[in-house]
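Got a structure here, written out as structure tokens. Questions coming.
All chains are identified by letter, namely A, B, C, D and E, in their written order; residue positions are counted from 1 within each chain.
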Amino acid sequence: MLICEVIGHVWATKKEASLSGLKMMVVRELTPDYKPTERTFVAADVVGAGIGEWVLTVGGSTARHAFGKEELAADAAIVGIIDKVEM
Amino acid sequence: MLICEVIGHVWATKKEASLSGLKMMVVRELTPDYKPTERTFVAADVVGAGIGEWVLTVGGSTARHAFGKEELAADAAIVGIIDKVEM
Amino acid sequence: MLICEVIGHVWATKKEASLSGLKMMVVRELTPDYKPTERTFVAADVVGAGIGEWVLTVGGSTARHAFGKEELAADAAIVGIIDKVEM
Amino acid sequence: MLICEVIGHVWATKKEASLSGLKMMVVRELTPDYKPTERTFVAADVVGAGIGEWVLTVGGSTARHAFGKEELAADAAIVGIIDKVEM
Amino acid sequence: MLICEVIGHVWATKKEASLSGLKMMVVRELTPDYKPTERTFVAADVVGAGIGEWVLTVGGSTARHAFGKEELAADAAIVGIIDKVEM
């Protein structure tokens, strides 16, 4: 899992049918002490995260399992909202 | 998912049988504010995207699921045409 | 598998249901001679690792298999505590 | 999928049984305008590609599906010979 | 697959049960002309490779298939000993 900040969202009217109704958020990977990195990607949201929140993301086939839909055309998902990173 | 721009397409007469009839597009990854990156790859097109359009792509086993064909020999797919990225 | 050091943990009250009760640790990848790298990520813990310990991690679908739960929303797991790296 | 050039092949007498009889080619990733990159890897060949040819490769679980053998111990495959990249 | 050199091995008494009895080797990725790179990782050994040998490795779900054990908690495996890379 990666520590990310939600920084935006993506609108796409024309898309693969399994993505209908999913919120697709732009996230930026953070270091464990919350510093922004250059890496950004788009993740489907399972937990209702808002812009500016710190979140946990998963990638690959795990993203489909996060939605319980093996046929989902998403390869990244937000699966938790971070309260705190303790170091 | 990645935000990409469609920049070309690939012609391959001799190919693995499951790829027959698929459009294989060259895409370039963009930053969330549409700046081009160095990363390019080839993605099979599910949604009818044209050169110059901004698209969402998926990779890995998710690409096969985007086509509903587990036996497909593609590891990247265009699954949406982006209307807008809101930041 | 990667050689990592456990450097922290993540608290997330609101999360995908399959993650309930899992310890989510922040790990830093090490070189084989234990030098820290820039790469960090979050891994679910199978073996009871503590802060400062050297561990083996797995990624992708293998992380779900480490827990024997195909439906788990985790894409990285700590699967061993390292006694020694012999070179 | 990646655009690659076939640059060599690998001989390995002692190998996992499922790899017997497979041609294992060394490939170098190219940019879409055919410039060589630093990235090289070994891919099993499905389509009969020769040294110097431009090919499409797939990675991960998709490589096994390209051979129709889920139990194959290969994580990269050549699945097409490129006639032309149109930009 | 990657061309690697076996450079060490990892001892881990406390580990996920499916890893019992597996040899876990530290490998360094090589270029096709055998030059060492910075990339190292740990791979489970299927073929009986020794320190200093050149090997082929696979990653991801393919590593589990190399052992014929879908439930194995390993995401990298040595699947062949390289006799020669011909360029």
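Throughout what follows, a contact is a pair of C-beta atoms (placed from the backbone, for glycine too) under 8 Å apart; a residue touches a chain by one contact, two chains touch by 3 or more.
Quick caveat, the model's predicted, so the values are computed rather than measured.
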By the touch rule set out at the top, what is the minimum number of steps from subunit C to subunit E? 1
What is the shortest path, in steps, from subunit B to subunit C when you may only step between chains that touch? 2
Spell out the chains that contact subunit A while also contacting subunit B. none
Distance between the centres, which are taken as Cα means, of subunit E and subunit B, whole angstrom: 31
Measure off the straight-line distance from the CA centroid of subunit D to the CA centroid of subunit E, and report it in whole Å. 19
Per-residue overlap in subunit B, given as positions that touch at least 2 other chains: 60-61
Should the ring be read from subunit C with subunit E in second place, what is the ordered list of chains? C, E, D, B, A
What part of subunit D is in contact with subunit E in the complex they form? 7-16, 18-19, 24, 26, 40-44, 60-61, 63-64, 70-76
Report the residues of subunit D in contact with subunit B in the complex, numbered from low to high. 1-3, 31-32, 46-48, 56, 58-62, 65-66, 68, 77, 79-87
